[in-house]
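Scrolling down, you'll hit the structures one after another.
There are two complexes below, and they share chain A, which is joined by chain B in the first and by chain C in the second.
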Partner chain A sequence: MGTSLSKLTEKPNIWPWLLLSPLGIYMLIFFVVPLADVAIMSFTEPRPTLANYTKVLTGALYQRVFLNTFLTAAFVTACCLLVGYPLAYLMAHSKPRTAMLILLLVTMSFWTSFLVRTYSWMVLLGNNGPLIAFLQMIGIESPPQLLFTRFSSTLAMIHILAPYMIMNIYSVMKKIDPALIRSAESLGAKGFSLFRHVYLPLTAPGIANGSVLVFVICLGFYVTPVLLGSPREQMIAGLIGHQIEEFLAFGLGSAMAMVLLAVTLVILTIYHRRFGLDKLWG
Partner chain B sequence: MNTFMRWAGFLVVLFIAAPLVIVVPMSFSDARSLQFPPPGYWLGYYRAYFTDMSWLIPTWNSILIATATMILTMLLVVPATFALVRHRFRGKGFADLMMLMPLAVPHIVMAVGYYSYFGQLRLVPTPFGVILAHTCLSVPIAFLVLSANLKGFDRNLERAAQSLGANPARTFIHVTLPILRPGLIISALFAFVQSFDETVVAIFISGRGAETLPRKMFDSIRQEADPVIAVISTLLFAIVLVGIVAPYFISTLRSRAPKPSKPTGAH
Partner chain C sequence: MPARKTFLMPDRRTFLKTAGAAVSASLAAPYIARGQENVLYVNTWGGPWEEAAKAHLIDPFTAETGIQVKTVSPVSFAKLAQQVNTGIYEFDVTTLGAGELVRANDAGIIEELEAPYEGGLFENGIASHAFATVLAWRSDKYKEAPKTWADFWNMQKFPGGRSLQRYAARVLPIALLADGVAVKDLYPLDVDRAFASLDKIKPHIRVWWTAGAQSTQILRDGEVDMIGIWHGRFFEAEKARAPVAMTWDQGEIDRSYWVVAKDTPNLENAKKFVQFATSAKPLAGFCKAADYGPLNPASGEFVTAEEAKRMPTSPENYSRTFEQDMANFGADPAEIAERFEEWIAS
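What follows is the complex of A and B.
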């Protein structure tokens, strides 16, 4: 019995390989090869040297753009958390009807195209828009330029990415057992200390999940910073696009792309070690 | 803490809702440039959208490309998901991880790769190039949805069918597929939407030959901010509204607890 069973399991099962091979071959040709192409171009264009990386990693312009991208991503993540946490709390602890309405709103925002939401912010912050009109109404004679600044692109990115944070935190809050809160209360915890020592740690996985997602998407964000941001304060993805479209500088663009990819993968690998990557988008 | 959270939450609701709602009055505006509140109302920009070929062709391209992407994605992902969920084999952990890779790579990085690689294969600017690229980006999303469905599948139903004399093929067609249908539909829908909304790769490789709607919108916003964009935004917003609210109402009508699906990432 024992031997026949081990024979059965030892028999190589070709089914999974047969089922996987079409996708595997497809992804090899149309995903891995183009990605490898970027990696190769970063070393060989226009000449096979390390010059592109030297330039990208030591040039003042590039360092500034990388730093700017990092700080923006960190700031956007922090703001999404600040905005998302109270809303998730409201969803998890209101009457089902209110919670459902907010959930519908957040889901709708999530599914509305990035471009549509970017365009809305153009209207809201434009020189003939409601915000400038409001500033004039309360007596500010010459309101500052809002559109095409770091302010407008950051605000729009917070708005666009907040649903990722809210969904992640909400899904964790919803699963918190009320008995845990009650027992903490019966042991004397209340107010801020209840929040700080019981509620916040229980929601930490959602915070981690949402933050990693928002940070990583923000690092590589192209559309919104290019359309709403200041041309003088680009983010890394915008600069990559600029190098390729305007100067056909494939080598330099690829080297920047590889640095962006490396940073993204390092963050995701750390996340994967702790939580498992499938949870991030699950 | 409770009152504070409530007020903060209310402000956040405003912050999230305002930009979504504002495109609707804008689309009926008769202003030539961005102006809010609009000086007057008319339907002129709706007529402009539905009669202007430079908007209709990209719309049609996007529908075509998204449909083809959806079909190709499902053909590749369905068998692969069965392999990964139902079989244990060496290298499975690695394969699972590889399925998610397209979500981990920033789209701008892929855009550079496709621009160069598809350029050499003479796939830029053709719809085929965009379909092939979008399929790669849709694979992980379709896989995540479908594998979640397949993991919750009660295999006893298949065993019951086989014990009643159905062969594996019949079991698959008459038992497995019908039970999986909602999961298949949702994952196909996600693949469609991902392609329809995808902007960055399309900007680089769709060119004049296969201009997609997001690319056209991006170019238009960058150059002149044509008010027609407000019309398209309103139409897209209306589709999303119907797509999300309709299932909610149907489920309330059936008096079941509504369960909106948790969305997955798209850049």
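What follows is the complex of A and C.
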């Protein structure tokens, strides 16, 4: 046993690489090559130039949309955390039946196609929807417009992304050794102090994982803001799609995609330095 | 008894060879098929559009010529351009609006064609059918019917939510009409005046719709009270029994053109198809099924007076509408589109 283990660590074993090669080749052909193509196009379309990047980085429209995208993603992440943390706590620390029920509800929402979830928000928030009807019932003469606003698109994005946050925090909470809490209590920690100095730090990896996942996914959201949001508050993915489909501006669209990719990589790098990327998958 | 090789009882080696050949043949089939004589790939809008095209254009075409047609959807102008750059063809023919057609022809990504009927050729596209962007509204909301785009802009008289298509080339002429420009003076467009007019309606536009189905949905569900909508999409909302009404007055006509992708390997089939699809009877059938107006005058013979009422090209309706004039647009459509996008986002 001892010898075979040391053998494994001494000699480079080609088997894992061999087993990985189909996936590697697949990723090379269908991910790395197209991505490289996009990178090249961002410099060469319509002619060899840096103009695409100049435009993306200095144009007022693009700056505003990038800023809006990052602010929206940050806000959605914060809301997911506010909603997700207590729910994850409830799941981790209630009776198995209750925990099961909440878990079921969260995963059911997670498994439902996000297009379907987007459309259900259209129905719920629409002019003839139940929410407006309720507001009118309780005597609000002209209820505010809910659909096609920043409110409706943000709400839907929080709904769609919250499960990522909840599952990440839940898995970390579930692993916390109850003995740690008991010993903290025996040492005099209680109430908010116990939470602030013991429980919260223990769950920090879950918060970080969930936040990074939600933030990064939210950066690339396309359909939900287009269908539910206000025309003035676009997200970058919608603008990229529009550039390519409507204007055939492959170069400009590619440059926008590369900038988005670069910023996302920077965020992931910071996260990796701080927490380690391998923890992202539990 | 010596083992005999037969088709039914092949020995193992022959079987493997044959099976291998069959598998590789079926894997390679799409590529082989691309080079064959009797195939054509048609780009469609999918959904009801494709059903109508299948029933009236594609199936009769196959029956007449023996050419197998496969459909690819949705319509993508970007893909048409990329095909020529990459040399990989997903479709051979597609339909374009006038704005895209001019750009495609300038960019040299479509084949040169000949007119199949008199007046049928524009910028190497073959005029097929027309649709109109019409003024439609919720009849449960307004007692008095709006008549013009000026009424659409009139928030005092007709308060409520509005929607227009997120498409500069269609919206700018409408904005000018609303501002009091006469149809005959519309082109070339006074772009600055159009944007000034749009500034006035902007706060009331709840949705800049981007997909046809979306426009039907927001009118049908009452998310907006007045909308600039394609006439076929209006009929869908009407069919769903929503309280809606429309007018042909100041309806804005767009023409759709069949084009052939430049350098496609199925060039001859593609040319045959666009000729067939714009011939009198198939085109009439397609237009009736998909709620368009045929642009080939010979199709009129196959359209009844009742059916013509639903078409923007019938003489009575046509006289109340106006046409997009892409040849005399007055500005670079791409630049306008970009300005429009920036304007929407600001």
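Keep this in mind: the second predicted complex is superposed on the first by the 249 of 282 C-alpha atoms of A that agree within 3 Å, B and C clash if a C-alpha of one lies under 4 Å from a C-alpha of the other, contacts with A are read in each partner's own complex, and residues count from 1 in each chain.
What we mean here is this: a residue touches a chain if its C-beta (ideal position, glycine included) is under 8 Å from a C-beta of that chain, and two chains touch if they have at least 3 such contacts.
Because the structure is a prediction, the values reported are computed rather than measured.
Chemist: Superposed on chain A, are chain B and chain C clashing or fitting side by side?
Modeler: Because the two structures are overlaid on the shared chain, the partners are seen to clash.
Chemist: So, A:171: does it touch chain B (first), chain C (second), both, or neither?
Modeler: After superposition on chain A, A:171 lies in contact with chain B alone.
Chemist: Of the two partner chains, chain B (first) and chain C (second), which one does A:260 touch, if any: first, second, both, or neither?
Modeler: Touch status of A:260: first partner only.
Chemist: Which partner does A:53 reach: the first (chain B), the second (chain C), both, or neither?
Modeler: Neither partner.
Chemist: Applying the touch criterion given at the start, work out whether A:65 contacts chain B, chain C, both or neither, answering first, second, both or neither.
Modeler: Once the two structures are laid over each other on A, A:65 reaches chain C alone.
Chemist: One more residue to check, A:242. First (chain B), second (chain C), both or neither?
Modeler: Second partner only, chain C.
Chemist: State whether A:226 touches chain B only (first), chain C only (second), both chains, or neither.
Modeler: After superposing on A, A:226 lies in contact with both chain B and chain C.
Chemist: By the touch definition at the top of the document, which applies to A:105: first (chain B), second (chain C), both, or neither?
Modeler: first
Chemist: Classify the contacts of A:148 with the two partner chains as first (chain B alone), second (chain C alone), both, or neither.
Modeler: The answer is second: A:148 touches chain C but not chain B.
Chemist: Applying the touch criterion given at the start, work out whether A:75 contacts chain B, chain C, both or neither, answering first, second, both or neither.
Modeler: Once the two structures are laid over each other on A, A:75 reaches no partner at all.
Chemist: Of all the chain A residues, which ones make contact with chain B and with chain C?
Modeler: In chain A, residues 126, 128, 226-227, 244-245, 250 are touched by chain B and also by chain C.
Chemist: Residue numbers of chain C touching chain A in their complex, please.
Modeler: 76-78, 81-82, 103, 161, 166, 205-208, 210, 214, 221-223, 334, 337-338, 341-342, 344-346
Chemist: With touch defined as at the start, can you tell me which chain A residues reach chain C in the complex?
Modeler: The contact residues of chain A facing chain C are 60-61, 64-65, 126-128, 145, 147-148, 226-227, 231-232, 234, 239, 242, 244-248, 250.
Chemist: Quick check: in the complex, which residue numbers of chain B touch chain A?
Modeler: Spelled out, the residues of chain B in touch with chain A are 1-2, 4-6, 8-10, 12-13, 15-20, 22-23, 26, 31, 33-37, 75-77, 79-80, 82-84, 87, 89, 92, 95-98, 100-118, 132-133, 135-136, 139-141, 144, 148, 193, 197, 199-200, 203-204, 214, 217-218, 221-222, 225, 229-230, 232-233, 236-237, 240-241, 243-245, 248, 258, 260, 262-265, 267.
Chemist: Which residues of chain A touch chain B in their complex?
Modeler: 13, 15-20, 22-24, 26-27, 30-31, 33-35, 37-38, 41, 83-84, 86-87, 89-90, 93, 100, 102-124, 126, 128-130, 159, 162-164, 167, 171, 191-192, 195, 213, 216-217, 219-223, 226-227, 237, 240-241, 244-245, 250, 253-254, 257-258, 260-261, 264-265, 268, 272, 277-278, 281-282
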